[in-house]
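The letters A, B and C name the chains in turn, as written, and every chain counts its residues from 1.
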């Protein structure tokens, strides 16, 4: 029968070809995986990474917003997940005629100034920052009050002495970070979010916290004044009274309403 | 020898005439567009939120995963996955290579990655599961075995035909997938570099062996591994169809084994000796992509060995049972 | 041609077949008779190598089926139980399929057997559409494909209509006349009687007798139906002979239908050796018993079978 011959020939030929190809692929794949050969490219130093050489293409005439830093930059505590950064973008979009693009939210919970400096060396981060013309930065609280959770538990409360000890070095690092940001992106508007005292409603902590934060904010303002196209958005007064209304249930991060108030301020500064 | 190939030919023609292979092709032709469409929707949505620059998207993925690492609510073994994922994404990003470059070839690669442990074995079972049991239920086994041929030759001819179709199924899965996905995403992407050789040390990725492989080479290796899995599944299904009287029972047995495998693998199990089961070792392509193995201590070499042993044992059992057993029905 | 020696089969501990031996010779039709469940099919499966005997041997043309299946089965065509074919293939494709499992059977031979079983018209249709009779014929075609020297048919007339049965019988006779040895199993006595030269009778897995059909009929003593007046005296007279057994006419099992029709109220049924008949007749005449009729009934296989199995019953 012709159909038999036809079925057999097509099946046999295509199957033989497929089997050969697949067997070769299997041998090759197994070899590569069982005996991997060492690569020649140096992957350790990210400075030499190909991405570092790439300059992003930027369309002008719009707001390109990036937020970077700690949990405030990320928006922890905001039940809608937007944080002040996205809320800022939304407000700007409403108020301004320019198009607003929110590029990335690079905030990482618990980030300190130290970690921020490391993060700024990542080619991927730099690539994103280069595209922005508004950089929202929030950092420092974790340097001063290491771990909100520990504070909550009542252990390891920030003492005036500990604050005073951590402050100068952290403040310097903030300066370094600002310089580095400026190096990465020469023209973008950098908005630094001043610290507030999350312990305003805890009598024993209010005094020490207030003093430390006032000092930090003063130093930061000084530093920012020296820089080009930078500004500090104060938040201290926003959370000084009625903390329960604007802080989330962890007593450390703002809640949605709190973030909204921050965003309104940032937008006022940008306009 | 000539008669043996004539018998293989018989078996091939029977498989074709029974339309089993058409069913496989049909299922592929129906499923792939569905997945393609879903994938296209997803990438459109991504584009909306990140614009056209994939680097922003990858960077965000890295940050998001970093954030989830600090959360206490995320189980420890997920953290390991995420750590590895972060490092790989970082590597792609630093090297300015899009890990999800849209295109027919990339889609094919991802589709097969997902299909290799369940979908493709299922297709193979469609053909394998009734090879012997249907002869028994149909009574034609009497006709087959009263010919002047040794029983092992009869069985070998069936096995040969089955293995031929394993290759065809794997190959046609690729072809159909590429042909259809190309309509959605274009037919390009053969030379995109894909990184392989991520060596895992616990939760850390050793980047010392990472190679940039053109996607077509990656696809070739992937296909080879999928094929090996397919062959082993075929051998196992073949044993089951020899042992079990009805085709339905033989499909159920194999399905149960495969599905339990994917459940076990997902449990990232603390039961480490589960790694000697064949069904948790079917995800060979994971090693290629550098994803962590479901159970600690599993490597490609280990999985290959486990699968090979299972395959060999089932072939031996099939032949012993088939040649010794009385045909009573 | 076929030589079966001391065949035994146990499944688990239960003996299914016990010590069956027989030979089938060239050109003869050999009957294999037994009630359903007697072990006919199991034995046939052992003949063609589907079941491995626990002990004993099956040789076909001098080759042991278990040890040299490739040689032995070359000479056998068989239908075990129903002729099952692949329904999704055409008749022709089915024949092709089986032809490929032998050496040197070409399309010519396939055409030949198709014509032999008169399937020419529909050979290229799917077997799914065939009637039972057609499947049976396709089964025979398949069995004849490899020019076998021994044909093994399991209940070949099962499910056929009377015309089909008749055709099948004459077809089998033709084949045997051509030198083929045919082995036919059946649970129908008439079937075997009409068709076979020699017969093996089995019951309960045991071989009860083997011999030519005529020989076995001789082994059963013939019956005589006496119609006499007065009945009492005749019966008394008959009972005087030790070698004459008077049977209960009501339960005169073993009489075929034509003989049973002769029975009336006066009938006495006896088993009488042939040589005694003349003597008894003479005495009856002498003693003034009126003989209205006397019928000799040829001994049947069924009668014989009943004697062997002590009333196990057969259709």
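Following the convention adopted for this analysis, contacts are C-beta pairs under 8 Å (C-beta built on N, C-alpha and C of every residue); 3 or more make two chains touch, one makes a residue touch a chain.
Please read all numbers here as calculations on a predicted model, not as lab measurements.
**Q** Chains shared as neighbours by chain A and chain C?
**A** A chain counts here if it touches both chain A and chain C, which gives B.
**Q** Check A-B against B-C and say which one is joined by more contacting C-beta pairs.
**A** By number of C-beta pairs in contact, A-B is the larger.
**Q** What chain is most central when centres are computed from CA atoms?
**A** Given all protein C-alpha atoms shown, the central chain works out to be B.
**Q** If you average the Cα atoms per chain, which one ends up farthest from chain A?
**A** It is C whose centre lies farthest from that of chain A.
**Q** So the centre of each chain is just the mean of its C-alpha atoms; given that, what is the distance between chain A and chain C in Å?
**A** A distance of 94 Å separates the two centres.
**Q** Taking each chain's centre as its mean C-alpha position, how far apart are chain A and chain B in Å?
**A** From the centre of chain A to the centre of chain B is 38 Å.
**Q** Approximately how many whole Å separate the CA-defined centres of chain B and chain C?
**A** Here chain B and chain C have centroids separated by 57 Å.
**Q** Check each residue of chain C and list the ones that touch at least two other chains.
**A** 93
**Q** What positions in chain A touch 2 or more of the other chains?
**A** 4
**Q** Could you tell me which residues belong to chain B and also touch two or more other chains?
**A** Counting only residues that touch two or more other chains, chain B contributes 9, 13, 17.
**Q** Chain B touches which residues of chain C in the complex?
**A** Touching chain B: residues 45, 48-52, 69-74, 76, 78, 80-82, 84-89, 93, 97-98, 100-103, 142, 146 of chain C.
**Q** Tell me, which parts of chain A touch chain B in their complex?
**A** 4, 7-8, 11-12, 14-15, 18-19, 21-30, 32-34, 36-39, 41, 43-44, 46, 49-52, 54, 56, 74, 101, 103-110, 122-125, 127-128, 131
**Q** Which bits of chain B are touching chain A when the two form their complex?
**A** Listed in rising order, the residues of chain B that touch chain A are 9, 12-13, 16-17, 51, 53, 55-56, 58-60, 62-63, 66-67, 70-71, 90-91, 93-96, 163-165, 167-168, 170-171, 196-197, 199, 207-212, 217, 220-225, 227-228, 287-288, 300-301, 304.
**Q** Could you pull out which chain B residues touch chain C in their complex?
**A** 3, 6-7, 9-10, 13-14, 17-19, 138-140, 142-151, 324, 326-328
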